[in-house]
Amino acid sequence: MTNQKIKECIDACLACMMACNHCATECLKEDNVKMMAKCIQSDMECAALCRSAAELMSLGSNYSKVLCKICADACNTCADECEKHAEMGMEHCKECAEACRRCAEACEQIAKAA
Amino acid sequence: MTNQKIKECIDACLACMMACNHCATECLKEDNVKMMAKCIQSDMECAALCRSAAELMSLGSNYSKVLCKICADACNTCADECEKHAEMGMEHCKECAEACRRCAEACEQIAKAA
Amino acid sequence: MTNQKIKECIDACLACMMACNHCATECLKEDNVKMMAKCIQSDMECAALCRSAAELMSLGSNYSKVLCKICADACNTCADECEKHAEMGMEHCKECAEACRRCAEACEQIAKAA
Amino acid sequence: MTNQKIKECIDACLACMMACNHCATECLKEDNVKMMAKCIQSDMECAALCRSAAELMSLGSNYSKVLCKICADACNTCADECEKHAEMGMEHCKECAEACRRCAEACEQIAKAA
């Protein structure tokens, strides 16, 4: 890959996409699925944006930065939601929130880069 | 596109993917989300396979046929699940079931083609 | 789907994504592939953004509008490139340019909507 | 994630998808693009299948195994093509071939698992 920062951000985006997909699937197995509805919705949107940001970065696209900016926002929104359930002991939400925060940070660095 | 049958199948796959995404999002707004959990899971899997089948067909790939075979199976599974809720009056499940059956049929024709 | 304008835009995005994939594959079969390099690159980036915009719209996401704005830009860039080859008689570029312009217009309407 | 083997396979698929996208983009910058046409085509197909396999595994889908089997095949085909150019000193093809072989091996293990 062209440079280390982009490579790290791609990895963070892909890890986050997978954590979101996994979280959505596990949320659907919870007893109180209704409580998880907003979380599943954020998971699906965040996964779509992470995939897109990673794809554009891997293509060396000029759209990478603007996608990373949007992706960082979606990641933080998803993390906010997951953290509520993480506090209640849901491991998939805890893992997802952590992946989202790491991805948001990596994306913000790309978005801000000169 | 290379030929009419493939073009129609791509369209059926994309329509099905979108119907599945829409159905998942609407299921999450239902009062009894728990009842919809299996439906949302099928929606997510079916959408992933429809996207993949459409993408490979548009690339003229030799893997198109084998993907269409798997996609037809996932579509029928998703339709079976959606039809249960369609009978109860859920419009998004009715639309999704119909898109799934159309896609399954189109995919089976591609999978069987010489 | 929630409303007609969004549905039309999703359709335009998916048609454009498929036209871009098909154009890239056909460009690779041309005698002078080097002349098509920029076109193939635009095709890949445009396809990635169309897929993402369509996916977020189908999920009813609040990120739909901002993605549509970026997607419109990528579509117009891709159309500019394809039109150069369309003038030289390449049918896949002509079809792709038309799909890109239609998609750009649909996306701009969504991006501007109140 | 549910278990270590699946997690490793998801990682291998995502690394391979990104290596394929990067390889395609770099191939387009080579002097003799025509010589790379088959490589770019394999890259695009392989990337699509890697993404799909990773997505289905992250969703815990029953279709994971069959997708992994197809993905392993596409990875080996892409590696065969990339290795020809790797011998001529193209670094992106060398990296891509390695990522493809690792992914093929990981996918074969999942496909064969009881």
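Just so it is clear, A, B, C and D label the chains in written order, and each chain counts residues from 1 on its own.
Assume a residue touches a chain if its C-beta (ideal position, glycine included) is under 8 Å from a C-beta of that chain, and two chains touch if they have at least 3 such contacts.
Which protein is which chain? UniProt says A, B, C, D = Four-helix bundle copper-binding protein.
Model, not experiment: these values are computed from the prediction.
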Fewest touch steps from subunit C to subunit D? 1
Determine the centre-to-centre distance between subunit B and subunit D, using the mean Cα coordinates as centres, and give it in whole Å. 25
So which stretches of subunit A touch two or more other chains? 21, 24-25, 41, 44, 51, 55, 59
Are the chains arranged, by touching, as a line, ring, star, complete graph, or other? complete
What residues of subunit D sit close enough to touch subunit C in their complex? 21, 24-25, 28-29, 31-34, 36-38, 40-41, 44
List of subunit B residues in touch with subunit D within their complex: 41, 44-45, 48-49, 51-52, 55-56, 59, 61, 63, 66-67, 70, 73-74
In the complex of these two chains, what residues of subunit C are touching subunit B? 1, 10, 14, 17-18, 21-22, 24-25, 51, 54-55, 58-60
